[in-house]
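Note that the chains are named A, B, C and D in the order they appear, and that numbering of residues resets to 1 at the start of each chain.
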Amino acid sequence: MGDRVFEHVIRVGWGNCDPARIAYTARIPAWALESIDAWWEHHLDGDGWFQMETDRNVGTPFVGLQMDFRSPITPRHRLRCRVWPTRLGEKSITFRVEGYQADTFCFDGSFTCVFTIADAFESQPAPPDIRALVQPLIRS
Amino acid sequence: MGDRVFEHVIRVGWGNCDPARIAYTARIPAWALESIDAWWEHHLDGDGWFQMETDRNVGTPFVGLQMDFRSPITPRHRLRCRVWPTRLGEKSITFRVEGYQADTFCFDGSFTCVFTIADAFESQPAPPDIRALVQPLIRS
Amino acid sequence: MGDRVFEHVIRVGWGNCDPARIAYTARIPAWALESIDAWWEHHLDGDGWFQMETDRNVGTPFVGLQMDFRSPITPRHRLRCRVWPTRLGEKSITFRVEGYQADTFCFDGSFTCVFTIADAFESQPAPPDIRALVQPLIRS
Amino acid sequence: MGDRVFEHVIRVGWGNCDPARIAYTARIPAWALESIDAWWEHHLDGDGWFQMETDRNVGTPFVGLQMDFRSPITPRHRLRCRVWPTRLGEKSITFRVEGYQADTFCFDGSFTCVFTIADAFESQPAPPDIRALVQPLIRS
């Protein structure tokens, strides 16, 4: 997995579980997205999506995602979400997120966003400072 | 789209929107899943996932999904989610969900579940009554 | 209850339930709030909180709430939430919300909001058109 | 505040905020409840609500809550939720939760639960080991 991979830790609790006593499926894309938000925050001087939109006028809306659910998620362990960018296009970025509990591989997924001028809701190329930041972190 | 397609209507509200003034992305898979739950309820004598698990001992956990987000979703219209099964395997079922607001195509996605014996959390073939129900509703 | 009481219907589903097989407690204030949003939409020409903020520049942030949970909520019935205003102050409004499933009284609560100029996030007196609308709907 | 007060830290993110660019009100009771779940986990050998129900057959459903919202919550700081029990009745327990961001007091609330035999959904007196644990942590 390598040292460079960012990991976001989720506390899975009672309120996230359904009557099958496992995390409700719809919680999992929400956690993956939160982990991508945390990835930005970690790499962009503390700026997650909120500050990117508000302070930098950069939006990154999602255009697609795909996920595989490999093992149920429960409150018995923290959920560790590993996040890294796999591709940086001219106007888009794709992330991979993998979720683990203890030694169990729980889910993985791919998530693609486009860059926008936030207040205009128009697409734009990745801003240069963001491109410079992301490029060395890309792993296929 | 045809008359046979089940439609589940979502009220999109303030609490579903993010600071970009559109529905937060993670709400959308949650709505798609709720629409599939409502599809079962509509076709299975009022039994959604809760009654399937509790009264019929049948679970249908998700093993994968993929979604494309085509247009932002806002509180200005109801969100109509169209749901139909596209494939029934021996032990699995795949649904397509499409979301519309007024005439705008907002998202589509594909969602695959496996059938389980709920209290054993073991996979099983689709129960015969469910197979008989689903088969004529399949559309590619 | 009288004819004048607005009722907002919630579909309670699998994804709202916790391992005790009842709706998770934190869902209930969320449903009460959604019902108040729907109350505004019903009475204010289709304008809920989103349109009040965006089109009318009126915010109504919550300053307090209290709730009693009287009976568990399950997916076996729709949840009918009755909403009405109990008090209109110079700068605040208080709502009562009561939730029922079939003949069972599930919860009630009181919710107080203040009026703000939305883009300034400053409190203001209730706008005259809103005051005129709300006044005849008050019930203690 | 004293050393004995348990603190649960919440990462407030984009997905928790509404178009007013602050955390949506309904998120706040959810965070307070999560903080109480984390309080149990911290004090009960790693057992939160999930393990209490599943492994100890003890439920603690909520019967009431009241909250005051004192200052808006944003993603610009972590939200620190302080939790302590204020009263232990024969069959009930009341918690106070206070939320802070940096030096700002954001919300406080009171939350009352009853003890149940989980698989029977019947009320019971607080189990002796739990009573012994909670008693010295009570603060008015």
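Quick note on the criterion: a contact is a pair of C-beta atoms (placed from the backbone, for glycine too) under 8 Å apart; a residue touches a chain by one contact, two chains touch by 3 or more.
Just so it is clear, the model here is predicted, and its values are computed rather than measured.
Engineer: Relative to chain C, which chain's C-alpha centre is the most remote?
Structural biologist: A
Engineer: Between chain pairs B-C and A-C, which one is joined by a greater number of C-beta pairs in contact?
Structural biologist: Answer to which pair has more contacts is B-C.
Engineer: Counting only Cα atoms for the centres, state how far chain C is from chain D in Å.
Structural biologist: From the centre of chain C to the centre of chain D is 24 Å.
Engineer: Hey, how far is the Cα centre of chain B from the one of chain C, in Å?
Structural biologist: 28
Engineer: What's the distance between the Cα centroids of chain A and chain C, rounded to whole Å?
Structural biologist: From the centre of chain A to the centre of chain C is 33 Å.
Engineer: Which residues does chain D have that touch at least 2 chains other than itself?
Structural biologist: 14-15, 17, 19, 21, 25-26, 30, 33-34, 50, 53-54, in rising order.
Engineer: Show which residues of chain C lie in contact with chain B when the two form their complex.
Structural biologist: 11, 13-15, 17, 21, 30, 33-34, 37-38, 48-51, 53-54, 74-76
Engineer: Across the complex, what residues on chain D touch chain C?
Structural biologist: Contact set of chain D toward chain C: 19-20, 22, 25-26, 29-30, 33-34, 50, 53-54, 59, 61-69, 72, 118, 121.
Engineer: Under the touch definition given earlier, write down the residues of chain C that touch chain A in their complex.
Structural biologist: 14-15, 17-19, 21, 24-26
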